[in-house]
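The following pair of complexes shares a single chain, chain A, combined with chain B in the former and chain C in the latter.
Now for the complex of A and B:
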């Protein structure tokens, strides 16, 4: 019995058909957010002040000089990355009226914590805004064994809300 | 003197008047001249615009190059394909036994390094190299620890939901066996149920397949090297002593482990594991035969409150182990914790263990706190009170202090 199980598993390994963890390409996410007619990408430069706030949110200095985003009316869309335990998790975040409208794990590369990609977890972020102390206005219940992935998504949500405030799209008349 | 001052003022006035007349006398610019001036200014504006665009392009290009270099250097060894991490914990134990003897010690209990490498999008490597108790005993040294490779496996993606792995990996059972970095749990020492009944950290060599499904259900199945339970000596029939640590491990009888886990509601984890080995001593005819481990646990977190409960039970067939009262070994714990602040939490845990040795049959209460000065750094203090089921000399109480970290 054990021998046959091993044979079955080896057969499965040999039928690798697609890479794990790419749930949606970032470009496809942006297209979807803006109904296949996305505005031109804008960039926000991480000046000294913005970089300092971003560092406080992430717990480390951001790795890039600029962050790309797409904005229209009072809505911005972001594709951000943060390492959970070992590998970066790529997340798409839509902010509207200074609140999280949507968050989606686009690429997950970690070996643990996969649960964060599901709607039952990400739905908790909807409607969250940034408090004066740069925390989320709504509590987020974690997932046992996925602490670092939960932490990464929470940080990216806070970062997207903060960066949104730095764009012209956070105001009534962009 | 006063005429000299008056003369100076008159001279200055005359000079200013002459200058003004001279300007007034200059002819006004014609429309053509004005048009020429405007056109020149327009050219300058266009040139400045062009220069600004060129400067923007240069800044963007510089940004691209710097970001590319940052990305290239973000991984270890100049590539993001290879990753490194780790954790460690230092313990101070101050305990008094029922017979009045005291155990006071400081121990670098664990120092662990993770190395990983991603060969491509579908194949990756994970490893965990652990040094316990400060190092390995050598001739003339006081070191009393071990160096162990607890994980070294290749993982293959089959599709978005299913992956397979082969190598040395952690058995999918219990709460702390797979997730045991010090900042992730309360208590300086790990709970005794997941030490005596589930021999965590429990690893094996073999192959496994895992599936993660959209409704929050995951399933794991592994075929792997089994335990080699000792049948004589002071550790006879002790589960923990059966770990082979994949060092020329006997593989007469492989073992199988399956797990189903549900995490479909944020904050909730329900999990059950079943482990089977047809001969847990791997020697036929020695009175120790097939063994089954059943484990179940639940975790419920809501806001600052978390509750955990775990039960694990071995059922081992064989005349010899039944005669030693080791055919049924089980234990459970319940734990409640509350985070008073983002960086400070308190806990209480009740454990009941029924192993095969006298010292492994007891109930134990742990209370204490964790303080996280950083989310990956923890300071722990707890009080422990153990009451042995049959031998009061083996009772103990006292306190532990721990320092842990992960990166």
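Now for the complex of A and C:
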């Protein structure tokens, strides 16, 4: 009984220890998205209007004046960061045809809410687009105990969709 | 006479209980108010933004033993001073969010301040707005050892090896011997005593949050172990108050029932 309790405790500790960290380097994510042949990085300047919309989506002012992305055909890939509770979560997002094609937690630094990195959660975002009110077209089920991380990922998805619309890659091939 | 004594005894007891109840209430009032108020604030930490409001009061900072920084490293980039104070980064007097370990240098480049810190390059406007945070060099996460520029068009950095890039910061390549010879590396700069004092004040004022104060007031830890015992005592008194209150109420209820004229 005591031994099995120790095993359970060890499993729990190892899960917690492994929950924080780098799951994939941002550059490796971009390489993977573009089959190891990524296009040159582009940048979008947050003009007054874009900044205002981005602020509405994030609930605060964006932390930088320009954001780097990679675009090809009708697809863009973004590496964005948003604070869950205290520390930034780095997320890779791929948008194609104005819909989320893929979202992946790349670096997780918080002590709680790491469950958002699992596929069962991130798969919910696939196919989501931005509505006229700048919300996601599909409902996202939360995870108890990871509310702030869920909120952060939802905000970043909306931001990536909005920013994608501002790039030349949201229309026909540039 | 004996009967008279028998009648008075419960009244004296009740009065005594009243007095105890009153004194307990008075002695715990202030602590209960602190408990209640801090509890309300802590229940709404996010709304009141307690975790993002910092205490600047020197007396409180001293009370919490928040020491002045041991390490201040500064670089000057065209009239702009970039300083790492322990783990806090400042551009002039402006605090840059995040925690940092090692400042490698700062340069003025194409109307931007480029700061090399840990494994990232931070690009700022001269007004202090963050333009971009570059977290990879040629797709790799590299620790930066130094930064400089070659003329006005190229940025050079030192990692495991030396690399240079242009204003796009997209492609990095090794410099030629000629370019390396022309590199102007950023080097640490001394600060005036006044500037050091200002940074020290800002550093200390960026550590203690209002949330910490509320938590410590609530638990009594702001006064150390004695404070915790005082708050424990307040909690016990609160418990006794509830019990004595119920007891007084029951006594009065029984007394009224006893004095009520019987029907029929």
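General remarks:
The rule is short, and it goes like this: the second predicted complex is superposed on the first by the 153 of 174 C-alpha atoms of A that agree within 3 Å, B and C clash if a C-alpha of one lies under 4 Å from a C-alpha of the other, contacts with A are read in each partner's own complex, and residues count from 1 in each chain.
The rule we apply is simple: a contact is a pair of C-beta atoms (placed from the backbone, for glycine too) under 8 Å apart; a residue touches a chain by one contact, two chains touch by 3 or more.
Because the structure is a prediction, the values reported are computed rather than measured.
If you count the residues of chain A touched by chain B and by chain C, you find the higher number for B.
When both complexes are overlaid on chain A, the residue A:40 reaches chain C alone and has no touch with chain B. Of the two partner chains placed by superposition, only chain C is touched by A:31; chain B is not.
Contact with chain B, but none with chain C, is seen for A:21 once the two complexes are overlaid on the shared chain. Once the two complexes are overlaid on the shared chain, A:63 sits against chain B and chain C alike.
By the document's definition of touching, of the two partners only chain B reaches A:141; chain C does not.
Where the contact sets of chain A with chain B and with chain C meet, they give residues 63-66, 86. Of all the residues in chain A, the ones that touch chain B in their complex are 2, 5-6, 9-10, 12-13, 15-23, 59, 63-66, 85-87, 109, 111-112, 114-115, 118, 120-121, 124, 139-147, 151.
Note for the complex: chain C touches chain A at residues 51, 97, 125, 129-136, 139-141, 170-171.
Across the interface of their complex, chain A is touched by residues 63, 66-67, 70-71, 74, 83, 85, 114, 116, 118, 121-122, 124, 126, 155-164, 166, 175, 178-179, 184, 207-209, 212, 214, 216, 218, 221, 223, 254, 256, 263-267, 269, 299, 301-303, 375 of chain B. Residues of chain A that touch chain C in their complex: 25-28, 30-31, 40-41, 43, 63-68, 86.
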